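I have placed the structure first, in the form of structure tokens, so that the comments after it can refer back to it.
The chains carry the letters A, B and C, assigned in the order they are written, with residues numbered from 1 in each.
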Amino acid sequence: MTAAIEVRAVEKRFGNVSIIRDLNLSIAQGERHAIIGPNGAGKSTTFNLISGHIKPTSGEVRLNGDVISGLRPFEINRRGLSRSFQVTNVFARMTVWENVRCAVLWATGHRYAFWKNVDHLPEVREQTARILEDIHLTHRRDVPAGLLTYAEQRELEIGVTIAGGATVVMLDEPTAGMSHAETERAVSLIRRLTEGRTLVIVEHDMSVVFGLADRISVLVYGHIIASGTPEEIRRDPKVKEAYLGEEAH
Amino acid sequence: MVHECAVLELIVISSLNGVLFGMLLFLLSSGLTVIFSMMGVLNFAHASFYMLGAFFGFQLTKWIGFWPAFVLAPLLVGAIGMVVERYGLRNTHKHGHVAELLLTFGLAFAIEEIVSMIWGRSPVDYRVPALLDFPAFTIFSTNYPAYKIFMLAVSVVIFVALLLVLKRTRVGLIVQAALTHPHMVGHLGHNVGRVFMVVFGVGSALAGLAGVIAGPALVTQSDMAASLGPILFVVIVFGGLGSLPGAFVASLVIGLVQTFAVALNGSLASVFGPLDSPGGPSALSDIWNVTIAQVAPIIPYLLLVIILIVRPMGLMGTRES
Amino acid sequence: MTTATTSVSGPAANAAGENMRFYGVWLVGVIVLVVLPLVFSSGGSLTSFSLIGIAIVFALSYNILLGQTGLLSFGHAVHYGLGGFMACHMMNAVVSHGWPIPLPFIPLFGGLGGLAFAILVSWLMTKRAGTVFAMISLGIGELVASSSLILRSVFGGEAGITTDRTALPRMFGWTFGPQIQVYYLIAFWLVVSAIAMYALTRTPLGRISNAVRDNPERVQFIGYDPHVVRYLAYCFAGFFAGIAGGLAAISFEIANSAYLGAIQSGLVLFATFIGGTAYFFGPILGAILVTYLQLGLTSVTSVWQLYFGIIFIGIVMFSPGGIAGLLMMHRPLLRAGTLWTVIPSYLVAIVPTVALGCGVVLMIETIARYSGGEASAINLFGIAFNPRSPATWIAAAVLVAGGFVIARLTWRRIGEAWDRAATIARDRGYLA
């Protein structure tokens, strides 16, 4: 079976500085994969490289076997990869309903249509309603996204990310800044919504990582120093030295 | 032989005038670029500050003579710029960059109206000071005025001074950091407001200075901002938004190209002979018969379109937006 | 038309009631358009209504860019002007070739003219948004305006292209000579265009335009290319601006380079922004106000454009939502029943604010006449002021300074009263 995501020898340089060097990563279909690492290790850059937000200097990224490095973000998205942002990044002046609906439109094939009334598209309406139900925001559907609470905005961000039915979902620190209770809620939400999909997650909260992930990769200074199951990672001396040793609680 | 002299004369004079116009443009575009890089605001009223400089220069020259005006008028314009930053832009900042751009657009509109309200819509009689009213040298048959040499000298002095400030002072380092890493400006700390105000004030004062010295040589009139402003924006987009070297090169390129275009008087018809157009005047015959001098006003915009096709970032731009 | 561009009209529970109200508003609009010339039937008011109608179509088309897609254009009049020229040439061609095309179809060709140029240039223009787009639109605007003076055979040089609207084939026996017939022609196209532009906001493209406005980066990760979205939106804006230009060409029977110049582009920006870009009806209010002021002020004062600039700056600084935004701010308070708590502070603020306004007007008029060398008295609310007398200067200064100091206090009170009322409204579940 081809891997959902295959990163081969990717390097990213800004000027003379290598942010990412010789990055190799393979994520199997349906796997929940967490990328961890100290601050500044290049986790967000890795996300940006895979999702097409920035282009690698060299190396290649494959999605379900097809090369996607060099494609534009929307082209990658159309091939079934969707991502969220660390900084909450929804459409602030539009309502919760509209946010999710926009994320549904491309996948339902309506594209740039200017001859259809968006309110009269039953499949769009149903899918939007279902996702709002899933992220527990149905009661807030008419509220502009910019006026939601922080935790609600994070949930909406997840909803927008999965709304298009992507098979590979990448979440960038989905629980950052949340309280303990909110984090638990978000984790169960993520687990439920990514059922049957491939999940790649960047996360600082180790309880989230070890509770959610099937496999973990540890990124230090733009290089993956270890990759394996949570148990293997916990035992890996390199990881202990480089990362867990200083930050494990 | 006579013909060759005329060509040489045209080339020398036009080069001088072109560099002069380019340096003037750079006096304006440098301030605009630095303000844009630091504050994210494209100051639509920048050319209006240039116009205010010219009119203040004219009025103060009438009251207290050219030399005091030469010093005072830019300071006055700089002060107005600081007030605009402190009480206008800073309050509008929370509404985003479009609101800021619109504020300066409204300001440009209002300044033009105020200027024409006070000084009228026809050109004012802003003369070259007597001290500089003599020919500096004569090339072939053309007397080159000393005042233009003075303008050139002032722009070069300012250019060098700017370079020194940028390389040697603390504010200069902050400005440089802002040019390369625009997102870092927010981390300047509590005095960021004052830095913005000073930078905006200095940028405006430079525009004012350009106005004071350009006023006597060009036409001082209430539409001078509206006619120069768009060219200024072409310069900074052409050079690459936020790039100071880009603004410098673009200023010179546009200064030279436009000056030469005005000086040349050929058309396709004069080169290739008249066009056989059986259907009378058409768009093609219009283009065929138009002289380069007539095309001069649109050349900057054509350059803009070309650079957008060839290099959307601008000549030396690195940023998406 | 009261539906916000940001609001939902999904399958709400009270959908039937909402629908009724929605169609009711449009119906009222149409009735007003039909009845208006019957009430005010003088030639002057018919001309004014015609101009306002054209301005509304133009401003609505501009808001497809500014309000819907977040594109600030300084050169929108290019499409208006080209639409006007296209319409003039078409009318002349219809007459000279004897084509069976009656006048009411001409604005469509204006629209196609605006659209054609949009298709041609906007792929390049809409590559980038924000400030760069604004500058490029300015450059393209200047390019076309300057070129129009060179291509004399197409644009007629300084004089422009003239035409005769009555020479076209008739429709329903109308010659379109009398202004009333032209008014109804414009009213018809106004209704058609407004409905079409409103409908556009309710399509997938319209919704995604809003998303591009709010966050072009994020749009890429839900499958859309923001460049394509901006391009399509721009084409629609160009089309409807062309229709407005075509209507203007019919109304004036001329198209000249002023149609596509910077001033025209600036006016439509003023009208749209002053009216308010966040709501569909905002530009309509703005177009009515700006055209009305333009027509009204020119006869009263020589510096009417300065007042425009000041109003515009005031709106940008203090109410970036425009008039529509100001009005709609009150909706949650009205629904929550707390609006009455704010009104007393409004009433208190009126007096010093009006005094401040009068002071500014007096000062501007005094300076204008003083430097213009005019000695004619300024007539403000029936009181004559002599621009040469120091008393006038002192009165203006006192009004401005005193008005400002006192008005600021009352504005602060409005703010406090407003916060209280809004808090109660929010507690009662009415969101802003």
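In this section, a contact is a pair of C-beta atoms (placed from the backbone, for glycine too) under 8 Å apart; a residue touches a chain by one contact, two chains touch by 3 or more.
Quick caveat: nothing in here was measured; it's all calculated off a predicted structure.
*Asks:* Could you tell me which chain's Cα centre is nearest to the average position of every protein Cα atom shown?
*Replies:* Measuring from the global C-alpha mean, the nearest chain centre belongs to C.
*Asks:* So, comparing C-alpha centroids, which chain is the farthest one from chain A?
*Replies:* B
*Asks:* How many Å are there between the centre of chain A and the centre of chain B, using C-alpha atoms for each centre?
*Replies:* Computed from C-alpha means, the inter-chain centre distance equals 47 Å.
*Asks:* Roughly how far is chain A from chain C, centre to centre by C-alpha average, rounded to an integer in Å?
*Replies:* 42
*Asks:* Between chain B and chain C, what is the gap in Å from one C-alpha centre to the other?
*Replies:* 31
*Asks:* For the complex, which residues does chain A have touching chain C?
*Replies:* Touching chain C: residues 51-52, 72-74, 77-78, 82-83, 85, 89-95, 97-99, 101-103, 105-107, 110-119, 121, 125, 141-144, 147, 160-161, 163-164 of chain A.
*Asks:* How about chain B: which of its residues touch chain C in the complex?
*Replies:* So the residues of chain B in touch with chain C come to 36, 42, 88, 91-92, 95, 97-99, 101-103, 105-107, 109-110, 113-114, 117-120, 226, 230, 233-234, 236-237, 241, 281-283, 285-287, 290, 294-295, 297-298, 300-302, 304-305, 308-309, 312, 320-321.
*Asks:* Can you list the residues on chain C that touch chain B in the complex?
*Replies:* 70, 72, 74, 124-125, 127-132, 134-136, 138-140, 142-143, 146-147, 150-154, 262, 266, 269, 273, 303, 305-306, 308-310, 312-313, 316-317, 320, 364, 367-368, 371-372
*Asks:* Per the contact definition, I'd like the list of chain C residues that touch chain A in the complex.
*Replies:* 6-11, 199-200, 202-208, 210-211, 213-215, 217-225, 228-229, 232, 236, 278, 431-432
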